[in-house]
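After this come two complexes, each holding subunit A, first together with subunit B and then together with subunit C.
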Partner chain A sequence: MSIAITTQIICFTILSLVILIGALGVVLLESIVYSAFLLGGVFMSVAGLYLLLNASFVAAAQVLVYVGAVNVLIIFAIMLVNKKEDLKPINDIKSRRIISTSICLTLLSLLIRVDLTNVWSLSSPQNSIGEESTIRIGEHLFSDYLLPFEVASVLLLMAMIGAIVLARRDVMSKDISTGLPVDQELIEKSSEPMLTNKN
Partner chain B sequence: MEYGLDLEYSFNEFLKGFGLSSEIAHIIWIPLPMLLVLVAAVVGVLVTVWLERKISAAAQQRIGPEYAGALGVLQPIADGLKLLVKEDIIPAKADGILFTAGPILVLVPVILSWLIVPFGQNLLISNVGIGIFLWIALSSIQPIGLLMSGYASNNKYSLLGGLRAAAQSISYEIPLALSVLAIVLMTNSLSTIDIVNQQSGAGILSWNIWRQPVGFIVFWICALAECERLPFDLPEAEEELVAGYQTEYAGMKFALFYLGSYINLILSALLVSILYLGGWGFPIPVELIAKFLNLPINAPFIQVFTASIGIVMTVLKAYLLVFIAILLRWTTPRVRIDQLLDLGWKFLLPISLANLLITAGLKLAFPQFFGG
Partner chain C sequence: MMSLESIPIQAFLIVSSALFCIGIWGLLNSRNAVRVLMSIELMLNAVNINLMTFSSYVDNNLIQGQVFTIFVITVAAAEAAVGLAILLSLYRNRVTVDMESFNLLKW
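Showing the complex of A and B:
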């Protein structure tokens, strides 16, 4: 076995262990902050897997989008809204647990069945594109995947405008949830700087 | 354009002379450039810290460090040693694991980004195809470390500082990436080597700064904001937040933040010089000098000369920018948080978008000047 392959196997083992343990930690840990940070670790390890597959552009994009944007936003939101909430006890917890366990086990058995029946080994491409993949991705995005690309951008624009509307209540005359006219004075008061209120 | 010293090849051949297989030779080679660049980065930090002390002293009409070595050159080493032997304190109510992981997460991406900094045709750790994109992706990890240390300190100033730092670096990342994109558009490649080679045609005249003046200014402002240098050092604004996310840190963990911010400053300066100031290129093309001296470009003397000139030019340009950054720090007031966000979102973002659009148009209209 050559050194390159050994290194690859070692990296793959470490990365998959980190992904599995990290993902379990995201679900099972009590502290939501720890879950959010672990999620970042999982995203990073997935980027590592892409690197092992010679897809460096996808790996970098994964880091930029999932770690740099999505995960940072999740952590940001958690830290800004740090509300301690007492969860209500659920009455029929036992039966719920049994039902969810059985559903999960069924899904797991289905996945195992898929794993065993499907033939996973693809014929490896004759010439690996490697560093050229950036160009290939660009070509595909602007030819056969143009429509999904544009639709995704429209979707993002809609989400952005929605966020702005939700954040800036003062641009609307009616409250969104109740339909009552908004008390503009109240908004003015709440947005006033604290120092002027004191005098 | 395959010229220049190939140290890796000669080193491997040298080891093969001792009867080692090429794989073993490669493994012995791999850590060498990494170590070299790491040492270069740390020495660069020491020099920058000394420069900062001296220039700030000059700006305030003081003398600055004087007794540690000639002109106080040993002062940064003394600083480092002091931080090294200081007690490592974790506050009682802090979150130990996150408190320790925070500074590491801030420092590691910055050091990893040195992977793509070229000091010459073959003088870089790895000419990865995604080049400059790697740096953009890695620098987006940093806010997580800042948020982590801000949260783990269990201190309101730290948390506020961490949140501010993350908000700042998210908002300045976008114009930064857009101005890099304009350069990439002109180069047709993400690789830093290609970006420098594209500027090497006519010496100083072909540098990107003449073709991308707006991009250059936007990039420089954003790089300063990403480094949290003074016009934009809100996350650690002393008067409001004590020291921001660093408030509870002491000893080596504080030193990691300190090191991280200075390595980041040097890295940003290096990247500005690579993207806009011709990288390792001499203001007069080396080919012209070789022709003038009647020497073939492949002569060993010219090769060594080119390589050393390359390193000197890269470092010189970077330190010129570091000098400007230090001068800015000691002569400008800090902006307010609303001014900071206004500048980022309402000024730099539209201007860099327009810059990208105009670059694309110019590239199509004048392919010989703006990369075909």
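Showing the complex of A and C:
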């Protein structure tokens, strides 16, 4: 990459701060809507890190797929299920928090230790192919990664059909339990939930 | 201060490790099912940063890590779609998104 090293370090610091603080906000903030928008910021910053790593195609794919599709999907899901509800308190919430936090901190210290102590065999010079990486990805996708590429298309089709089947409302002319005709309106009605908590 | 040629690889790896651990923490501690899905996305992004870092620093001629990242992004998109569809049908049947009340698979 042709950017000076000082600029790279400044960009990297800003991007990683945005990523880490945004991720903490995603998991810690009370409002789920703020979390969703912060998640979009985290995805954009990750795309910025990809640009620093000389991968413009993957950065564009990240912005298109994550920010453009996944984040919008999550915001739509929040709109559909957004209901203020009083969560039942859990008895042993404190011990759960302590255990999960200690597990995460242990894993983090382990990972950082591996990162810092291992001797990485780096190839030099770094980032030698630069903007040619898009061409190289295309060559990979149509030669040695052809089978995963085709399987991915089948996977996307299956996911699409599965999501439609799972999320659609059953359109029936008659109610199964009562036998009365159902009026097909778009507005969600309050109905008796089928699977209530028995306990 | 010693002069650097490029950002050390450890910096990227530490950022991705921290992001992964934040994702695990959110996965374990969230009550809202949508937030659990968001934590999974954070973890997938941490893995992607790792793959991209090694592809750029270790394997910069045959950038196979970038191809892997593309596949991970594909699978993540499919996972988000199916996960949110499951969440919607669950919400329709139980009228809640509280993770503690989803106990159908408990024996």
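Note that in this section the second predicted complex is superposed on the first by the 158 of 199 C-alpha atoms of A that agree within 3 Å, B and C clash if a C-alpha of one lies under 4 Å from a C-alpha of the other, contacts with A are read in each partner's own complex, and residues count from 1 in each chain.
The working rule: contacts are C-beta pairs under 8 Å (C-beta built on N, C-alpha and C of every residue); 3 or more make two chains touch, one makes a residue touch a chain.
Here the structure is a predicted model, which means the values were calculated and not measured.
K.L.:
Could you tell me whether subunit B and subunit C fit or clash when both sit on subunit A in the superposition?
P.N.:
fit
K.L.:
For the overlaid complexes, name the partner, subunit B or subunit C, with more touching residues on subunit A.
P.N.:
Per-residue touch count on subunit A favours C.
K.L.:
A:L146 in the overlay: touching subunit B, subunit C, both, or neither? Say first, second, both or neither.
P.N.:
After superposition on chain A, A:L146 lies in contact with neither partner.
K.L.:
Figure out whether A:I161 sits in contact with subunit B (first) or subunit C (second), or with both, or with neither.
P.N.:
In the superposition, A:I161 contacts neither subunit B nor subunit C.
K.L.:
Pick one for A:L80: touches subunit B only (first), subunit C only (second), both, or neither.
P.N.:
both
K.L.:
Answer with first, second, both or neither: which of subunit B and subunit C does A:F57 touch in the superposed model?
P.N.:
It touches subunit B and subunit C both.
K.L.:
Is A:G68 touching anything from subunit B or subunit C once the two structures are fitted on A? First, second, both or neither.
P.N.:
first
K.L.:
For A:I10 in the superposed arrangement: first (subunit B), second (subunit C), both or neither?
P.N.:
Touch status of A:I10: no partner.
K.L.:
So in the superposed three-chain picture, is A:S100 touching just subunit B, just subunit C, both, or none of them (first/second/both/neither)?
P.N.:
In the superposed model, A:S100 contacts subunit C only, not subunit B.
K.L.:
Please give the least Cα distance, whole angstrom, that subunit B and subunit C reach in the superposed model.
P.N.:
14
K.L.:
Quick check on my understanding: which residues of subunit A belong to both its subunit B contact set and its subunit C contact set?
P.N.:
Overlap of subunit B and subunit C footprints on subunit A: residues 57, 61, 69, 76, 80, 133.
K.L.:
Which subunit B residues qualify as touching subunit A in the complex?
P.N.:
Answer in residue numbers: 23, 27, 98, 128-130, 133-134, 136-138, 140-141, 143-144, 147-148, 150-151, 159, 162-163, 166-167, 170, 173, 190.
K.L.:
Give every residue of subunit A touching subunit B within the complex, in rising order.
P.N.:
2-4, 33-34, 37, 40, 44, 56-57, 60-61, 63-64, 67-69, 71-72, 75-76, 79-80, 130-134
K.L.:
Quick check: in the complex, which residue numbers of subunit C touch subunit A?
P.N.:
Touch residues, subunit C against subunit A: 3-7, 9-15, 17-26, 28-32, 34-35, 37-39, 41-42, 45, 48-49, 52-53, 55-64, 66-67, 69-71, 73-82, 84-89, 91-98, 100-101, 103-104.
K.L.:
For a test of understanding, state which residues of subunit A touch subunit C in their complex under the given definition.
P.N.:
5, 8-9, 12, 16, 19-20, 23-24, 26-27, 32, 35-36, 39, 42-43, 46, 49-50, 52-55, 57-58, 61-62, 65-66, 69-70, 73-74, 76-78, 80-81, 83, 85, 87-88, 90, 96-97, 100-101, 103-105, 107-108, 111-112, 115-116, 120-123, 126-129, 133, 136-137, 140-141, 145, 148, 152, 155-156, 158-160, 162-164, 166-167, 169, 193-197
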